[in-house]
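All chains are identified by letter, namely A, B and C, in their written order; residue positions are counted from 1 within each chain.
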Amino acid sequence: MSNTNGNGTIKGITPRIGFYICHCGHNIAAMVDVEKVQKFVASLPGVVVSRDYKYMCSDPGQELVQKDIKELKLNRIVVASCSPLLHEHTFRRAVEKAGLNPFFFHMVNIRENVSWVTDNREQATAKANALARAAIQRVFFHKSLETKKVPINPDVLIVGGGIAGIHAALTIANAGKHVYLVEREPTIGGHMAMFDKTFPTLDCAACILTPKMSSVKNHPNITLWTYSEVEKVEGFVGNYKVNIKRKPRYVIEELCVGCMDCIDACIYKEAKYPDEFNQGLSKRKPIYIPFPQATPQVVLFDPETCIDFKSHRCKKTCIEACDRKAIDLKQVPEYKEINVGTVILATGFKTYDAEKSPQYGYKKFPNVFTSLEIERIVNASGPTNGEVLTKEGNIPKSVGIIHCVGSRDEKAHKWCSRVCCMYSLKLAHLIKEHTGAEVYNFYIDMRTPGKGYEEFYDKLMNEGVHFVRGRVAEVTDWALIPEEEHKLTIRVEDTLIGVVRRIPVDMVVLAVGMEPREDAQDIRRMFNISCSTEGFFLERHPKLAPVSTFTDGIFIAGGCQGPRDIPDSVAQAGAAAAEALSLISAGSIELEPNTASIIESFCSGCKSCIPLCPYSAISFNEGTKKAVINEALCKGCGTCVAACPSGSIIQNLFEDEQIFSEIDGLLKFAGIELEEMEVVNA
Amino acid sequence: MRYLYYPGCSLKSTGKSYEESLLAVFKALKMDVVEINDWNCCGATAYMAVDETKAFAIAARNLALAEEQFNKEEEIHVIAPCSACYMVLLKTKMFLEQNLAEKGRIKNALKESGLNYEGKVKIRHPLDVLVNDIGVKEIAKAVTHPLKGVKVASYYGCQTVRPYSTFDDQREPHTMDDITAAIGAESVDWPLKTRCCGASLTGTIDRVGLPLSFMILKEASKRRADVVSTSCPLCQFNLECYQDNMNKQFRNDIHIGVVYFSQLMGLALGIDPKTLGMNRLFVPPENVYKIMKGGEKVYV
Amino acid sequence: MDTTIDVKSFAPNGKQNGYNGKAKMINRKIKYESELSSDFKETIAELAHGEKLYGCIQCGTCSATCPVSHYMDYTPRKIIQMVREGFRDDVLKSSTVWLCASCYSCTVECPKGIKITDVMYALKREAISAGYFPKRFPTPVLAENFFAQVLNNGRNSEGPLLMKMYMKTNPFNALKNTMLAFRLWKTGRLTLKTEHTKDRKSLKKLLGSIDKQKEALAK
């Protein structure tokens, strides 16, 4: 390749490159012969110094680079280490401190892309060599660039009003910033609102949650939109434009005071339709309120079941009953557009569908319940007013709680759902307290890590609950002995004894695990974030950035990121709020200067780029008949660069000569030489 | 579509009436079915325990024979009614697809004996073919003597649906029940559809095997089944032929017809009982006959 | 050096152990690492086509779903753990392996996708080749006779097969079942005739070739 001459001078500048390869302890050095790479790179044209070091990201590592820049007059730096996602920023800052424009720095990932993905040391070293050479050839062409600062809009959008969303909203609102809280259901509260008590302290869920719910409703800094969904998201960190649809409740929220006179007046004297909040265990009318403490305290219509929506021939006694004239059967969806700087996703989780594990007989045997159903049943404001009864109306004498339903199972979900052991203990306690029944817990492993959790387990053992270590194979109505007649028999190996047991019970509770919501993938796409393989939202780093995502300004908290309990969800929500607040208080954010621009003299005015830009950043100047890119809107996706038929769009950090030179460096290892490039000489 | 038929050893001896009734039903439904020429034993369960490669090799010989016989067909559908044969042939096919080294060895061996195997064979259980290819609608259309009022306990046994088959649910299979409905009879809801009958243990270690068969029959009678319908020669044998031994061992008086699902189908299609091998049963399904007699045609 | 313990002196049948015979219920329940076979799990994993058994979480679903586990000396779950930990002799001598009815319930229900039935098959093969199976236990005898028959004839003949098995294991049982045999014969469901394929030569060649290839591989 002749884009450099013998001493590496191009276009009048002589690159003086410093190369640093990192051992990353054993992470890289164990698989890549770092010394060999260091020596190889030292021999490349333009390289003034080549070093290897144990931890490049450490202070001494950074100082090494800074010292070399000053002493050896380096003007290009390449570091071969981990992913740029982790440390590009660190090194750019270090380089900048030493007086060099940070965009003369380039990073090569030889950890995630090399040492971690092979067990062949020789090939790993060869690949590291190839990538290093490619980077060296690339930095030849790097230019000095300026980053741009954009202001951060201080308003925050929070999606999902479970305990995580509620806590994040209050934290931010209390800090004086404005929050839009968007909740899909008619009320906030999420799963926690369904529980009676919460482990391990057994404090009443409503007592601790409802005050928070009403603070959300009354907080001057919170705009609460329930029964609403996000439809579209545009923009980038600091400047998101979000479209929200508010579904019609057919009741004017501002007028309704939640007196429920309309519900009493409904021509349906008896409630007839399955009540969603009570898991279908009780009935509601076509006009209803999910539960007494629902927030906001506003009724809503279900057009699927309301006679008037079907036939327009109802007497509409409900309208007559409302003296505040709050009912409006002609209500249409309302669309809102808001601008926010940051977003917190707190959309929570869903429980595993127990019908998918047919061996446990859910929906087949009436006395098999899911844990969520039992949560409602033991709840004093639930469908049975807290009485635990079998479907036949009897107090159960024995109850079996089966752990890990849908969890730790290759046919369902491989993961441990983390909360089921603890909530099963809680339910065992509550059922025993309400009924005095013999309660059996069938577990594979008892997982109670957490403050006060093991102590809670201990308490339950002392309450006389049976603990049988074994995964239940089957719940059956096949009776082998008279004592099993008219009961559900649980077949399990008591693995601690090594004997198979058949245990007849009156009621079975399935401790269903936690899984991603059905629409998690849609939300992921809408907000341009990632999901891990199991479908929960993916955090930026499992340890060091647990509430950030790979998209700046979008944070996650609670059950949407993975199975977790209330304390952990709240902690995460607080962390996400702090992350958002830290961006807001910084006031502005630096943007990567990887924007595209048009070389006016080349542009033929064909307009092909304009409709392609996903951020609408390109417009047409009718005066000059040339396309123009608005740098503030450009996100650097490169679509227009590739599409321009006359090659008149260039993109910072991805200029043709940079890319070709990099490719050439790679291909040399396969013995291929690129043709001398036009662009290089142009 | 043409089908090849792999009877296996049992359908030529203890399970003779399975073959008789199945072929009669195929004929009545105008299916084109031919037996594989000079097939050999599938290798069966017991063989696997001794030498696996050989077991796979002799099973593969049948697949190769099928390809030789239907060499013009793109896909060759082989019906294997015995569950053990069905499972072993399926397992062999899957094994050859996954285990390339063994496949090479077995292909070599086949070549030495003058055969070749390319992998065009599909192993089908008759329940699969009848429900998914022919369809319950067609079967219902062909019914001349609906078994109205007959309560059938469908018993699939183990290896029809476990562990490899994909044509039916492994835990809650329904194809036999679909057929039961198509011929006008009624399925009893019971939890033992796929519970093991004891398999070879019933014959070898009867202290262990016999109770398993007994519990199945006991539950079927308890749920008021008139007859147990099976799809495997070993299940049928265990459940029917050992009833005397069970009654002796457990001081009981179990007496319930255990027939092949194809025999019930045959009766509903108006085929005469002898052609269906009903005369070979130890425990004739009296209840079925009684209920049928209530109709216009009288059997037996 | 002298501190090593002579493990044999603790053996249940060891002469030094005064309880032998007199108090059978007092059994030794201790295992020394030196008594275990560390490569057993690899052997079985390879024979059973899968290393998934290493991932067993000892949940016992296999034992609970197994129709015969209540007769086994070790439940299927215990067998998996014993295989994993190298309890070779105990496993190969156990009745479990021979009581497995190959019903595949465990394989379908195992939450970790372990092919337990295939493990049982692998253990059967290991036990036979180690000569460990119980002498008058019918299952291995049946398996071996079945093997011989198919090898020679290409088909299995149920009548003669069962006769042989009963004669070798428990002639009394054969008598008990004469009535059954008679009824089968009367209904045309059993003959004492031996079935076979026509082209027995090709079958011989097929099996011969496998033997040859295996020998070559062993070298």
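Throughout what follows, contacts are C-beta pairs under 8 Å (C-beta built on N, C-alpha and C of every residue); 3 or more make two chains touch, one makes a residue touch a chain.
Note that the structure is a prediction, hence the values are computed from the model and not measured.
In terms of inter-chain touching, the protein chains here all touch one another pairwise.
No other pair of chains has as many C-beta pairs in contact as B-C. One inter-chain figure worth recording: subunit A and subunit C are separated by 50 Å, centre to centre, where each centre is the mean of the chain's CA atoms. Note: centroid distance subunit B to subunit C, computed from Cα atoms, is 26 Å.
For subunit A, the set of residues touching two or more other chains reads 359, 474.
Counting only residues that touch two or more partner chains, subunit B has 171.
Residues 47, 49, 67-68, 71, 99, 101-105, 107-108, 115, 117, 121, 124-125, 128, 137-140, 142-144, 146-147, 150-151, 154-159, 162, 165, 169, 173, 179-180, 183-184, 187-191, 195, 197-199, 202-203, 205-210, 213-214 of subunit C are the ones that touch subunit B when the two sit in their complex. Remark: subunit B residues 169, 171-172, 190-192, 215, 219 touch subunit A in the complex.
Taken together, the subunit C residues at the contact with subunit A in this complex read 57-61, 63-66, 69-70, 74-75, 77-78, 109, 111-113.
Looking at the complex, you find that subunit B touches subunit C at residues 9-10, 12-17, 38-41, 43-54, 57-58, 61, 87, 95, 99, 105-106, 108-110, 112-115, 158-159, 162-163, 170-171, 194-196, 198-201, 203-209, 212, 241-242, 244-245, 279-282. Within the complex formed with subunit C, the subunit A residues making contact are 359, 404, 408-411, 444-445, 469-474, 491-495, 498-500.
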